[in-house]
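Shared between the two complexes below is subunit A, which has subunit B as its partner in the first and subunit C in the second.
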Partner chain A sequence: MKFINKRNIIMALVLLAIAFPFVTQNDYFIHVMTLSFIWMIGVYGLNLLAGYTGYLSLAHAGFFAVGAYSLGLLTVKAQMNFWLAFVLALIITSILGFLVGLIALRTKEHFFAIYTLCVGYILYLVIDKWDSLTEGVRGLIGIPAPANIGPISFETPLSQYYLVLAILLVVILIVYRIVHSLTGRTYIAIRNSEDLAQTIGISTMKNKLEAFVLSTFFAGLSGALYASFIRFIGPDIGNIVITFDLLTYLLIGGIGTLSGPIVGTVLVVWISQQLQFLQDYRMLIFGPILTLLVIFYPRGIAGSIAGWNAKRAEKKLAKAQLDERFSQSTLAAENQVKEG
Partner chain B sequence: MFLETKNLSKKFGGLTAVNNVDFTVEKGKINAIIGPNGAGKSTFFNLISGFHPPSSGSIILKGQDVTNMPPNKIAELGIARTFQTTNLFEQSTVLDNVTVGHRLRTKSNLLDAVLRSKRLKREEEQCREKALEVIRFTGLEKVAGKLVGSLTQEEKKRTAFALALATEPEIVFLDEPAAGVNPDETEGLAQLMIKMVDSGITVCLIEHKMQMIMKLADKIMVLNYGEKIAEGTADEIRNDPAVIKAYLGGSASA
Partner chain C sequence: MEILVQQLFNGLTIGSVYALVALGLTLVYGILHIPNFAHGALYMMGGYITLMMMVQYGLHYWLAILVSVIVVGLIGVLMERLVFYPLRHAPPIHDKIAAIGILLFLEAFAQYVWGADYQTMPTPYGQVIQLFGLTFTMQRLLIIIAAIAVMVLLYLFLKKTYTGASIIAMSQDRDGANLVGINTNRVAMLTFLISGGLAAIASSLAAPINLVFPGMGQLVILKAFVIIILGGMGSIPGAIIGGYILGFSESLGATYISNDYKDIIAFILLVIILSVKPTGLFAKGGH
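Up next, the complex of A and B:
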């Protein structure tokens, strides 16, 4: 019986996340952690598409901003009930994702990346320039915090931390279930070889579109949470820089792994907090690290660890088989000797 | 008439890769397509499996016109294929590779996945059962837990067969199944094809290894420059002057 197994590690991490605010007692740390959780949700969306289905979308920040602005506009300008606006924001982002996906998914590989890069930039431009709707560069101010659910209010940073944590855990559960189902296998088959996937009867367009809409849904969720947490949004949240931030988290943590988004986001966000004094020169540190990581550990931290484990298990198996065969052949040899 | 092509042609720009080919695949037999390099064999496969739309002509499966159907629909109708390059998922195990092959016979969707529905669990079990069945059929039990990337070329070919079989096909198209495999292993693969036919699956293959084809195939079609130059049993093909000319050059006499 091993004490350090997957289930115990997950339980420990969840407990750690729940205990975190009491351990630190520091509002700033709680703020940073809440923000990390929000990014993680977006990174999970990116991971489903780029990591599991093999389509790198660079429009992710655009959809993040669509989710954030949908919530902001519906609550601030339309004065709508918070949770209704929240659900609508997710629906709007998903519908937009569906429409974009219909066209974008006709392209592949780097063409897809370039196309979605343009879509992301157009989304940013629309938000930035459509003054009468979005207030342009002035941004949207006074977005309400999440409304009460029954007796629970979300006005304090602590309650918001737990709200975001709860949503993140649900997101992880959903992604876990998708990845470990026939649907997940289907996405992975498309990532590995689209031709082969089609040959074995998979409707690639339908599945790719599904993964794309899912990824935009999570981007929208992440954006809507961001808007209600920060309470102020500007067009910059749709900027391409945000897409690359999310992609960095994913690459460092491990693209196409379940724990990658958590590992990468926590690590990068905390390291950049620690290096705040360096301002933009932080990138001088992150750039080389990322480059080295992609060269030597293309599957990121979580992916490399999983890879080592898989290799070790395989070696163990091969050794066991070899031992078995060896003992059989010596037995056979002994028999021959006896017979001879 | 099981599967039939009528006047099937494919032009890539000015190049006619397949030119007016009439071909019938006979049920329950091993059908082979041979021809020199660049004769259009793989293109012919790509037309039948729906990867390229034909420029003209039609493909008829069991009386149903399947011309211009997308590959996944064609797979659902019971046509499976393997690729010349072993086009497998190298980073996952043989079992995982083959399991997804049965996906087309299942119905569970995203909602089933999120809710972990009974249907999903049942269908996952069904896919696993099918995978184990075809792994046993192709003789891969010993390596079922290995990563495909670490298999020998022959084992990879067998995995590709297993994946094709997991779709429950009625007819399997094999594109150079014995390429890059040594003579002993070639014999093993030939046995596997015979086993497939014995279990009621029709086989159609492209191959360069003449000895193997002549021994194995019930019916052979020869393509040259995209055109059918001969069709018949191994003996008929061996003595066909057009075939000899295509393979050995104009003045050869056999």
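Up next, the complex of A and C:
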């Protein structure tokens, strides 16, 4: 049992992800997997905010679309170098996130959810109606694939798969470091009780804003990757439906857990692929699942597994203690017998 | 001048519909303190059920609305029993997500059963009337009159009957209401029944001048949220006044600013309000 520890599992998963294209040799599967990696990045962003800081933002699709459109417009219309446009797209999304967060985070709970819902809708409407800039419902066509970095080119699906995988791993590493640092603890403290956090001297506004900007940064990153991978974007990617999709991935995987976004996204994306015929009706299944999960397993798959493990460890500990006490008492009894 | 009056009339029509939807939302918020994101789906279901009753079963318009009110009200009660009741002690983020789950389900359900196309609802009140030099359809006039009638009835019910008073009592203080012997479970179910019914009336009235489609509730519910934040979460007069304010600003904005961006007005309004007062206008209590 010693082999199944955290580090080995992570190593195995990374190796699996690297070996995946060689195992399947199927371009379609590689395409689906790349797409799920892109979604995962966005889900990690949402998780940082909703899962760890406790603020349910419903504007994520909007920021995703801002990232995608910034990249698309800068490369297609301004003819900018790809990587420069990529970095600019991330900066634009983060600045927008900072400005929105500055105001949105003054609100709490329901107001925050409603406020971000409306912000998301404004972003979507602006993209949809601003024909002269975004081409409106016609969408942006001909977004270039990632440009070469030195000798490495990203024209083939395989190389794009590895590019996205590499970026995803970096994102996971960053989130891991954040969550296990004092900053992460601070976010959790804010989630558990904002008043208490404030009382013990945490600058809640600063930390919340930090989490919000990071979260929009990841949403923008995921959007920019999406644009360069699919190479066509329409206003629909800013629709609230995308936010709900991300939320479904997060909830099923496990909100507020590190592995949740991976588990949830892979699972739901693959199930959706298997249920192609359901395409438009997939929410007939995922809607109730979302509701049932929140009622019965609010921590999703990853959270529930962690819960079981914790319970088992506790039981083991209790049993060990019981055994110890039992052996002590028999010892005591034997001693009594001897003395008697 | 004529355009202005015409637009004010239109604002009154839209405002009536908004006010009805916002009333249902604010009642539920007052009782359970949850923003019911699935309320827009109830609105949409109301439209479809009325349409189905009229087209497939050939019922009269008013009879169809009655059926729709009952069915949607019951869906609301089911929602309370199956979802919000088990979640009453959960962190606030949970019932929001659960409500979103219901919303997604009902929209997919409508699309599955009735198809994704836009449908028009026939109305027996399509006549055009000339009054004081203005032209408008009978249906629009009907919306205003029916909405006001419903609001008056609701007001009388809440103020003059024992059951209505228990709803108000519970929204003021849940524990207190429980202590004086009010069955809070029953009141919660009743509130969802009324809330669903109001949504069904609103959509059935508005559908003949708009269209019926699976996503018809999305914009309306977002606007209803804007309204109840404008009027104070849980406040009944606030929802009515807020509804009319939004209706007027939208119809005037559509003529004098831009028709394309008229839907944005509500959200800009909300962003401004929450930027200035993060707990909404007329919020009770301090920090």
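Assume the second predicted complex is superposed on the first by the 313 of 340 C-alpha atoms of A that agree within 3 Å, B and C clash if a C-alpha of one lies under 4 Å from a C-alpha of the other, contacts with A are read in each partner's own complex, and residues count from 1 in each chain.
Assume a contact is a pair of C-beta atoms (placed from the backbone, for glycine too) under 8 Å apart; a residue touches a chain by one contact, two chains touch by 3 or more.
What you see is a predicted model, and the numbers here were worked out from it, not measured in a lab.
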{"item": "Touched partner set for A:125, first subunit B, second subunit C, both or neither", "value": "second"}
{"item": "Partner chain(s) touched by A:291 [first = subunit B, second = subunit C, both, neither]", "value": "second"}
{"item": "Larger contact residue set on subunit A - subunit B or subunit C", "value": "C"}
{"item": "First (subunit B), second (subunit C), both or neither touched by A:155", "value": "neither"}
{"item": "First (subunit B), second (subunit C), both or neither touched by A:199", "value": "first"}
{"item": "First, second, both or neither for A:27, with subunit B first and subunit C second", "value": "neither"}
{"item": "Contacts of A:186 with subunit B and subunit C, given as first, second, both or neither", "value": "first"}
{"item": "Touching partner for A:178 - first (subunit B), second (subunit C), both, neither", "value": "first"}
{"item": "Which superposed partner A:251 touches (first subunit B, second subunit C, both, neither)", "value": "second"}
{"item": "Parts of subunit C lying in touch with subunit A, wherever the complex brings them together", "value": "33-35, 83, 86-87, 90-98, 100-109, 111-112, 116, 218, 222, 225-226, 229, 233, 260-261, 263-264, 266-268, 270-271, 274-275, 278-280"}
{"item": "Parts of subunit A lying in touch with subunit C, wherever the complex brings them together", "value": "50, 54, 56, 103-104, 106-111, 113-115, 117-119, 121-122, 125-126, 129, 240, 244, 247, 251, 280-284, 286-292, 294-295, 298"}
{"item": "Complex contacts: residues of subunit A adjacent to subunit B", "value": "174, 177-178, 181-186, 188-189, 192-193, 195-196, 198-204, 210, 214, 310, 314, 317-318, 321"}
{"item": "Residues of subunit B defined as touching subunit A within the complex", "value": "49, 51, 70-72, 75-76, 80-81, 83, 87-92, 96, 99-101, 103-104, 106, 108-110, 112-114, 116, 120, 123-124, 127, 142, 145-147, 150, 163-164, 166-167"}
